[in-house]
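Take this structure, written in structure tokens, and hold onto it; I'll ask about it next.
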Amino acid sequence: MTELTAAASRTAVDAHRRLGAPAVLPVARQLALRGVLSMIRIPAAIVPVVVMPVFFTLAFSGAFSAIAELPLFPTDNILDWMVPFAVLQGAAFAGFGVAYGTGRDLENGFYDRLLLAPTPRLGLVLGPLIYSAARSMLPLLIVVPVGYLGGARISGGPVGFAVLALAAVCTALLAGLWGLGVVYRVRSQRAGALVQAGIFVTLFLSVGQVPLELMTGWLRWVAERNPFTYVLTMARQGFLGEVTWADTWPGLVSFLLGAAGLGWFAWRGFRRLVP
Amino acid sequence: MTSTTTATATSHPATNALAQTLALARRSVLGTARQPVIWFPAVVFPLLIAAINSAALGRSTALPGFPPVESFGQFLLVGTLTQGVLFGGIIGGSDLALDIESGFFERLVASPVARWAILVGRLAGSAVLGAFQAVVFIGVFAAFGAPIEGGPAAVAVIILTAAVLAVAVGGFAAGLGLRTGSQEAVQNMFPLLFVLVFVSSAFFPTALMKGWYRRAAEANPISWMIDGLRELVITGFDRSAALTALAVASGLAALTLTLATTQFRRRLRAAA
Amino acid sequence: MSAPVETEGLVRRFGELVAVDGVDLVVEEGEVFGFLGPNGAGKSTTVRMLTTLLTPSAGRARVAGYDVVAEAPSVRRSIGVALQDAAIDPLMTGNELLRLQAVLHGLSTAEARARGAELLERVGLTAAADRRVGTYSGGMRRRLDLALSLVHEPTVLFLDEPTTGLDPMSRMNLWEEVRRLNREHGTTVFLTTQYLEEADQLAGRIAIIDQGRIVRDGEPAKLKEQVGAPTLTLQIDPDHRERARAELCARFGSERPALRPGEVAIGLEGGAAQVTEVIRLLDDLGATVEHIELLQPSLDDVFAEATGRRLEGADTDGAQPG
């Protein structure tokens, strides 16, 4: 590089400095891109997001196919029931992965680099979340074809598929906010176990395996109060029949409430981490 | 092995070796049991799954073709125990690999300890933990309304089978650990075991499954073992069921013990 | 135009622990300022406050003319920081990290690429630019860290123990780079270090910090002059050591903390001329001298005089975060 071009670039940089802070969106995009690179470079990270949901679809549909014969079960095709759940599982772990990456950054000191940038702090939180929402499309795009090959039918058409996609994004965001909230407080990768435990409990203490009507005892009580139950119900509509507003709005409301609560949890954690 | 006379040691080599085996077994048991991390895959996780599955799938007992159980929990007992033994065994069994990583293994080998005592001690420890898990699970399930129809004889068979199964998975973990010298490599087998347990009769009767999945589950030896033990739990004591279960567990143990001893000799030769 | 760095009564507490206990300093434009002190003295904590990574418990600080608390984003826009542990992501390549840094500072993608190439060349990492940073050696990571801190042409550069753990060659290279930055770009440099030689070599002015407080500040040469007397250090046989110590202190100057365990050190007021008298005294006592050395006053002596301990080889209790 010649002295002239070096000097010219220096002037450009100087000008930038005087102009002010960079906007939130380019920063968020660059951080999301970084997330993509990390994912490609740690191949094992793909397992809970794609491999496990596929396994889950095959295993649960294979082992528990008979429950579709129970009265009160909304469909006689077990795959219709399981595929949306598997997709949301993958989406939840897409959200987790992002928290894991942040934990890694905190542990190896790279987070300081991010904090030293003159960008608005919001970009540092939004970037990973946007990335997790994008990543949640992976299980969607892989599990649904697998399920379709196995015999699942999307009777609700493209609208049904769109609602499932929406639910996947919601799930990823909720899991991501939960994960970030924990990681900001624990500040290392060890937070991973706690985040996963929370995700697992939320996923399974819901209508994941059977509808509310078939549950016995304490599980029904818990599932009725678990916001994820309504998000999952919203997601399943297209696979069980037509998409209706009655089954959609509880899911949206649950997401908004969940996002508000977990968002506050994450933001408070972030504020304590960063002056 | 040179026979050195020490002031305190018993003179006969066999008694010495037995004492060493016991000491190593003790180390294996305590070392594993003391790690809180073990209790999660070994006990907590399987019980959690059982609790959720009971509550969610409980109504399945009404399906035609479902074994005549008092509760879904009674159905799940054996499968849950199997999970605990296999998961706990693979995570706990990685400590031999850890010994190799840390260099303790070399130190043991260089000491006057009888070589085979190292492996036997390790596996004896596994057996003890497996038996202990069986007692815990039987107790917890009984408390939650899942009695064992086969009575004390059945309980004895279950505990024995659990111990033998624990030796089987312990042998696998040991063999793998000796081969790779990496604790992580051993623990990475967890998903494999998870699949092995899932595609079996652990969670649901194979008779009610369909298609290729049913064929796979029915071909899985773990299913044969679980079905055998389950007979004892649900129906009552039956000799052929008990023998089937024990035979499967012993067969698996024989396989993995061969693996473990081969790998053990290999490593000793390399160290010599 | 205000000073690049100025603090007033800067304090930072961590629960009961007071890591920084009232620090006042001013760094002039274009100078290389050295912040010298043992481990746990409060150097890194001070730097983290000045670079907006930590809020002060009390007191004020202004960097590049902006208040570190109220105008933090403006501070960040004007400073470059290379912390003690190189803040890098091992999964990314050098190029990718520089590009990320550039975008984080508001450059466009094209500008980012140009800037990245220029900086990599400057720190000599062009060849390794497409390799993952995880494969870099310690020295290479520090160089990359330095490049990252310079992306936006900061007016003030903070270097927190930049050569700790580096081999001598890398250390010299880094020193040269710092001098060049200061000389050619006029960058003000705020450097923390636990190495006397580094402070001596690079800094125009220094402040010595111990247990959260500044104990001495000024130009290295003047500080050493203030100590005055050279240090005479002796290795005397144990049977005669105590007697010798008492006699020497009575006759030739005050005792100083030993440079090495088992030695006796005094400030020789009369200078080199008195050495023969010292030898004669020791001879009269019948003492055996295994080692004798006369050293011009060093920053170590400045530190010793201020705190009663030696800086290098000093045994701090490490109770405070650095």
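All chains are identified by letter, namely A, B and C, in their written order; residue positions are counted from 1 within each chain.
Assume a residue touches a chain if its C-beta (ideal position, glycine included) is under 8 Å from a C-beta of that chain, and two chains touch if they have at least 3 such contacts.
All of these numbers come straight from a predicted model, not from anything done at the bench.
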In the contact graph of chains, the distance from subunit A to subunit C in steps is 1
Which one chain sits nearest the middle, judging by mean Cα positions? A
Top of the farthest list for subunit A, CA-centroid basis, is C
One chain pair leads in contact pairs, namely A-C
Could you tell me the distance, in whole angstrom, between the mean C-alpha positions of subunit A and subunit C? 45
Between subunit A and subunit B, centroid-to-centroid distance (C-alpha), Å: 36
Whole-Å distance, subunit B centre to subunit C centre, using C-alpha means? 58
Within the complex, subunit C is touched by subunit A residues 1, 5-6, 9-10, 12-14, 16-17, 19-22, 26-27, 30-31, 34, 37-38, 41-42, 105, 108-120, 275
Spell out the part of subunit A that touches subunit B in their complex, as residue ranges. 55, 58-59, 61-67, 69-70, 204-205, 208-210, 214-220
Residue positions on subunit B within touch of subunit A in the complex are 52-60, 62-63, 65, 195, 198-199, 203-204, 208-214, 216-217
Can you tell me which positions in subunit C touch subunit A when the two form their complex? 51-55, 69, 73-74, 76-79, 81, 83, 85-92, 96, 99-101, 103-107, 111, 114-115, 117-118, 121, 132, 148, 151-153
